[in-house]
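Chains: A, B, C and D, in written order; residue numbering restarts at 1 for each.
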């Protein structure tokens, strides 16, 4: 008996659910959970099913492909730990939360390495028996620095996600394209408010009563990639911007870990710069 | 072209989705939304689909019944305004919120009447051209009072829901049974905390930092029916119990209206003293 | 025995609390609540006290002025209903919420009138025995239309607040200046995200997972006045922009009513395009 | 220049603020923040001020005592790291969150030791160079087990707080009395709902739509001590009780860390089985 996650997106047409569920039925599969969504604007159909039964992965994939041949994206995934690399700079809270969750067995992930442009976090990472890779940007231009990172990343044959756990440098288009929809960032504001540098200072100056954090896939427009998760907390006039920053950390780490968990469990479709999440 | 809401609950077995979606496909129906859930503990399957197409309601019902004959509950509903009666006592906020939503066209409902054991709310209700029925409990025992209410309710041939908008009297088992899973109450606490009288006073005495409200179907155990919706707000030491009561009203009305809306849109299954909500 | 709200803002200096509390003590006043805040950036001191005792308002004001003579703003207010005018367009939810709260006695306010550039809301307002004033903008330029509104407003000798309950027209600088920090608006987004027209459409297009509403005083930069209150709700991919709009109404009305209540209870200081709220 | 936190609770009477602020003024102290509250039911006055200036701690304490001699509790505290001991059992999330915060310098605390009745967490604690003390309860009755813990705790000359980070054993009255208002627990429910064992199972069986966590000081009635902080998250029918438990962990750790922070910053008064928090 094997368990599979089946992810399908396709142009919507009558009978898709019928055809797919017929494949499940003919192959004697149990449907454990099943979620569907049709985006009316674009006529796109999204479906995520978790099934179990006695069938090979490839055979299940082929059966579905045969049933709905037209331009559908079909993924059949046998759940296993995904390979992730974390990039950080100096702040500990987001990275620390992931390390503890990983240690507690909460994440379906192998952490291949933590890369940082500073060495402040080395001592922490070392304790978790995870390789810490210090790649300083000093004296290098952006492209040179990233090339070093890419060289290191290239030593792994398979990276599912790169998690930017408060990595405080902007990535080049080249880097981003290489890992399309694989880089998960945490932005320390309730996007699209306060794009760019020091959002807490911006929020303080604006006198907002709520601050937030946003986790999103990275694309080539700064802080404009598809949003995965957002959360907020209330603040008041007594919060200086450093107080907002301090309180904001608690939201940042929660949101990043939530987004990472959704990704690891294959719950996210990216579509039209948005996400569909089951 | 007609639109239908199809609600099915049944013992789970392989092929249910296949069989049902085959009915939709054979009848050339569009699936607008589709939600499914299997309760593993009890092996129960729940499904709510919204479909449109060119078919009679009875015929669609029969097609589904024929496809899944075993002990399934199948409802096929053509969306239309449901008939509701509101019961209240003296407080205006929950009733007022429903009246305004009704006036604004937000609710799929006809309000047949507002019944109260006091006449404080008569002036308000009158303005909305809704019958206000004053049935005082004075000088009557509980059964006599309820009989008067039942007599009045019996003048309507069809009542879908009775909404207790801060109706401050306990209903007898006889009354409750007569309208099983049709009476929606708002309890002014985060159930199951603070069952019974004056929950805000109880919450204040306990020194809680959050208060809430719970909307639920009424059954014969006070405040123990299936929960439909809950919401909370933060409070602090500066809140006396009357402050909690005042602030609580904002949550009560929101939660009751939310629960009512879910009921009117046929989104609620009741099961094992719980609700499944799509 | 009289109760007063004392509001003081001043440049901060040592001894302010001492001097003010000495005035309270010498005049044998009870302090019911007392809140203070110092904005470090600007060295501004804010204080709101509620006191009761046997003293004339003018005499209390003079005693405080004598004690802290340097450029302080001192307000001593005997609580009473404030005079408000509501401006609306076509949507009922925010206006309706205020009308019901007013009817329930929740607001320290007299509603002098509801002004609208359409007559859709006339029937509702009439039922509450509040003057509905229809001032159409058709065939008028912005200045001409506003002049008609100003002419009407001028018939009242005292207006404390103008509440824009989804009034969908932009006010001119002249109008705004005339009622500085007296116009309370509800913007249907979590400002400063989605400034301007149709924020729900903007939010939908951006694929946010949270939407919100912001109540603020109006100044001459669209949607950029001092923020009084904000609230949010979670949404997901299944929300079209009209669903966001529908759900957003529940947040809008709550936030506007909350801001109005804060204003009516003299809890808001405006300062540096922000608010200090006690 | 020294900074002090001044905490005062006393029977309320006219002139308290005057007398205390006069002390601050005469001693040329800056008031950085100042919070007051009067509990009307019990006529109790609470005040927390942060002041700085050129004065010895003892002298400031004496000056305040002299100014308000009647039965006031006066604490003058020079901020410094407090000594805490953490007790845990097997779960990592709450302990891990505190360890990371401590490592990041977020907590005003020295962690003297982590005590556990199992050794599962030893490896984690060791990495942070904090003593892990394994005191198994096997083969011991409750009193004997606690005596061993007390013996160990007695090796420290000063313990400010004992943090129960999911310590899954009930403490005896004797233990609790010894550390009155010094033991901070996290209960994995929204108290007072679901007191006792396996609250997530209880919550699941009841079909709630919100779950929560409560941090409180421990007293001799199980889960009935003064509440410090509470937080909730929404759940739905798709959550089995283990899903609630998993999701609940994120709330538990946030709430416990928040309560601990409030305690470390001397922001909590305990009074009538409640807390006043500034």
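Operating definition for what follows: a residue touches a chain if its C-beta (ideal position, glycine included) is under 8 Å from a C-beta of that chain, and two chains touch if they have at least 3 such contacts.
For reference, the UniProt names are A, B, C, D = Formyltetrahydrofolate deformylase.
It should be emphasised that the depicted structure is a prediction, and the values quoted were computed from it without experimental measurement.
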| item | value |
| --- | --- |
| Joint neighbours of subunit D and subunit C, given as chain labels | A, B |
| Chain pair showing more contacts of the two, A-C and A-D | A-C |
| Cα-centroid distance, subunit A relative to subunit C, in whole angstrom | 41 |
| Rounded Å distance between subunit A and subunit D, as computed from the means of their C-alpha atoms | 35 |
| Multi-chain contact residues (two or more partners), subunit B | 33, 37, 238 |
| Contact graph of the chains (line, ring, star, complete, other) | complete |
| Residues on subunit C engaged by subunit D in the complex (per definition of touch) | 14-15, 17-18, 21-22, 24-25, 28-38 |
| For the subunit A and subunit C complex, residues of the former touching the latter | 37, 39-41, 190-194, 206-210, 212, 226-232, 236-238, 240, 272-277 |
| Footprint of subunit D on subunit A - complex, ascending | 33, 91-93, 96-97, 99-101, 103-104, 106, 124, 127-128, 238, 246, 249-250, 254, 257 |
